[in-house]
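Okay, so subunit A shows up in both of these, paired with subunit B first and subunit C after.
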Partner chain A sequence: MTFFGVILGLGLGTLLAIGDLYGGRVLSIIIKFYVEFFRGSPLIIQLFIFYYSIPNLLGILIDNHTVGLIVFTLNSAAYQKGYIKGAMESVFEDQMTAALSLGLSKAQSIRHVVLPQAMRVVIPAWSNEFASMAKSTAALLVIAVPELTSNLKAIASWTWRVLETYSFGALIYLIWISVVMKILDIIYNKVKIPEIEITA
Partner chain B sequence: MDLSEKLILILSGLPTTLAISILSFLLGFIIGLPLAFVRTYTSKPFQILVDGYEKVLRSVPEIVTMLFLYFGVGGIPAFRFPFKNSFFVATFALGLRSGANQSQVFRSAIRGIGEEQMVAARSLGLSRLQAVFHVMIPQTFIIATPGLGSEYALLVKDSSYSFILGVIDMMRRADTVRKTSLDTVFPYIATALLYILLTFPLATYLDSWGSRKKKELGL
Partner chain C sequence: MADTVLECRNLWKIYGKITAVKDVSLEVKEGDIKLVFGPSGSGKSTLARCLAMLTTPTKGEVILTGENLTRSGVDLNKARARIGFVFQHIWLFHHLTALGNVELGLRQVLKLPKEEARERALQALREVKMEGWAEHYPAQMSGGQQQRVGIARALAMNPEIIILDEPTSSLDPELTGEVVDTLRDLAQKGTTMLVISHEMTFAREVADEMIFIDEGAIIERGPPELFFTNPTSERARRFMARLIKRTRRE
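Moving on, here comes the complex of A and B:
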């Protein structure tokens, strides 16, 4: 769930960032509302809205795994849009002008010049986002998607070994988040562009 | 139940939401500020301890911390008070997490002020502790303001996790309204907007205030 959410969110977040930067006024206002909604309201409410409200309004059924995936993607995209936009705009303004003057179209210069570099610069911010997503999956508990935390809860109530169960669970989160962050850190150091850094 | 009744019922959870957010922010502050200075100015073993604290509290989901404290620690007879109180546990768990976050916010603020000021203060005859209190802390606050603003916003949102312990905050109220009125749309959308209203203006204001002050002081 974390991986898919973050990766789909990355795709959507990138599109949003491009839309916001180059897409004109109306689009950027819409995007602003979208981002404000997903960043400003609690994740649990977002889950409930997609679990209860939206299916009811549209008269369809969405199963809880899909709800989780949709919410995590949309939520993560809202955050990642900010990072990617920051990376694209703070560093690459001149390069965009240069690319355009070399005869590339706007889309080509975004695709071939700006994005590849932005993706490298954005890794540290991205790894924080990953950590917070990995943590937030615990909230899936409220719409009964089985994941680590809900399993912990079940184990704790079967075995009555509450302290041990939750400590062990905390350890699992700690280890796997640390490992992934370390890997991202290593990748970042391999591909980073000297002298260009943004602060997360 | 008409809309205004629903809204009033949801708003009756507001004080609890605010209480959890504000108290846990204060707790996080009390933990975070000293930790930041300990991490910057003391020796290796202390630094490792602080890093460990931050790492654990920042990686473990708030929900797991809450469940651990409420059912785990609260299950030990000697700790029934206060860990069997869901409001206390929610605030405490969020406060611990916020302490880890705020420590990082303050630390980067301290780094932003730079070593020179510390050296200058020391050369003027202030002791290390005096320099920290009179020179570093006041400036740290200004630089840290935007970071603290977003940490507060984060706490307002995360206070909704207390839902799983049965604390009756806005989130729980919204759920109650949904269950009793069978209206699945209004309660959640309205509550989401209320949360945005609680977080967005203040965080934006603190952010712009912080950047303005920073520019004024040339930090």
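Moving on, here comes the complex of A and C:
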């Protein structure tokens, strides 16, 4: 869940960053509202809103998992948009100009020059994103998606071994987060441009 | 008479309160080498970028072989592909090798097939004597080598004119020589160029016309001999005196 949320969030976040930077004023304002909403309100509230109001509004039934994934994606995208935009802005005004000078279109410049470099800058920020998303999966409890915390709760209430069960849970979180961090580290070192140390 | 490749008429660029380019008109003919110079902040880079339509002029016209680029509806990407540009601060693509830098425009803009793009990119690198560095990344090269790749990147597109914005000013003095040599080679081949530079020895050797700019406007223009012997304007006279003194010291 965390994993897919962050990956989908990356895709959406990238689009948002591009829209904000190059899409004109109106789009930029809309994106700003979107980001404010998802960054400014607690994840639990967002889950509630989507879980209870979307089926009513649209008249469709969606299962818990889908709601969870949608909200995670939207939420993660709001954060990642910030990192990606920052990365694109910081280094890439000049890179964009150089690409345009060759006759590349704006879209081509973004695709072949700006994004490949922005992604490399963003990877360290991703680690944080994964860690915080993994922790917030606990919020899914409220719409009863059987994520780790809720499983633990059930186990704890069966076994009455509350402390052990939750310690075990914490351990699993820890392992999961460090595995993801390690993978990101490997990806980062793999795509890193030789001789350039990127600090984000 | 040779044909006019690139010209501007009554060009202005205004940033808020700053007038960076002030009513500049000039014309570069096929095979011409124009050398633009002037004090720091006088608007040289801005003029160069307007000519390449990398920024939109506030007023005036830019005309590339008869086509008015300042009209609306012009495909600027196509026009930019026909104008080579070499940047003051080099600006290679950091994530691509020398070869990748040169190939990008050939593949994405000219849509050449892989093999052909590679051949042509290697040829361009050869012309700037960087073919041995094809697989290296910018960060692994010296500034002079990077700038030569920058020149190859522009050259490979086979542009009708190359605009070079102070190609040696961000380099250590001992590295400027190799880049100036590359420029000399280009001049020898009859490349149409507008060069912003304060390399006065180079200017005297190759320029057909020198253009002195101050506070955004053309103050004086003429053959190098005019500037080296007896500039008319007081400002050009003083600036030349300073430049020549500096050249002697080096």
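Assume the second predicted complex is superposed on the first by the 189 of 200 C-alpha atoms of A that agree within 3 Å, B and C clash if a C-alpha of one lies under 4 Å from a C-alpha of the other, contacts with A are read in each partner's own complex, and residues count from 1 in each chain.
In this text, a residue touches a chain if its C-beta (ideal position, glycine included) is under 8 Å from a C-beta of that chain, and two chains touch if they have at least 3 such contacts.
Values in this document were obtained by computation on a predicted structure and should not be read as measured data.
After superposition onto subunit A, partners subunit B and subunit C are found to sit side by side with no clash.
Contact with subunit B, but none with subunit C, is seen for A:46 once the two complexes are overlaid on the shared chain. In the superposed three-chain model, the partner touching more residues of subunit A is B, compared with the other of subunit B and subunit C.
In the superposition on chain A, A:22 makes contact with neither subunit B nor subunit C. Look at A:95: by the touch rule set out above, it reaches subunit C but stays clear of subunit B. Taking the C-alpha centre of subunit A as the apex, the lines running to the C-alpha centres of subunit B and subunit C meet at 110 degrees, rounded to a multiple of 10. With both structures placed on the common chain, the touch criterion links A:34 to neither subunit B nor subunit C. The superposed arrangement places subunit B and subunit C with a least CA-CA distance of 24 Å. Common to the subunit B-facing and subunit C-facing surfaces of subunit A is no residue whatsoever. Looking at the complex, you find that subunit C touches subunit A at residues 52, 54, 77-85, 87, 89, 91-95, 104-105, 108-109, 137, 139-140, 153-154, 157. Remark: subunit B residues 55-56, 58-65, 67-68, 71-73, 75-76, 153, 157-161, 163-164, 171, 174-175, 178, 184-185, 188-189, 191-193, 195-196, 199-200 touch subunit A in the complex. On subunit A, the positions that touch subunit B within their shared complex are 36-37, 40-46, 48-49, 52-53, 56-57, 131, 134-139, 141-142, 149, 152-153, 156, 162-163, 165-167, 169-170, 173-174, 177-178. On subunit A, the positions that touch subunit C within their shared complex are 94-95, 97-105, 108, 112-113, 116-117, 120, 193-196.
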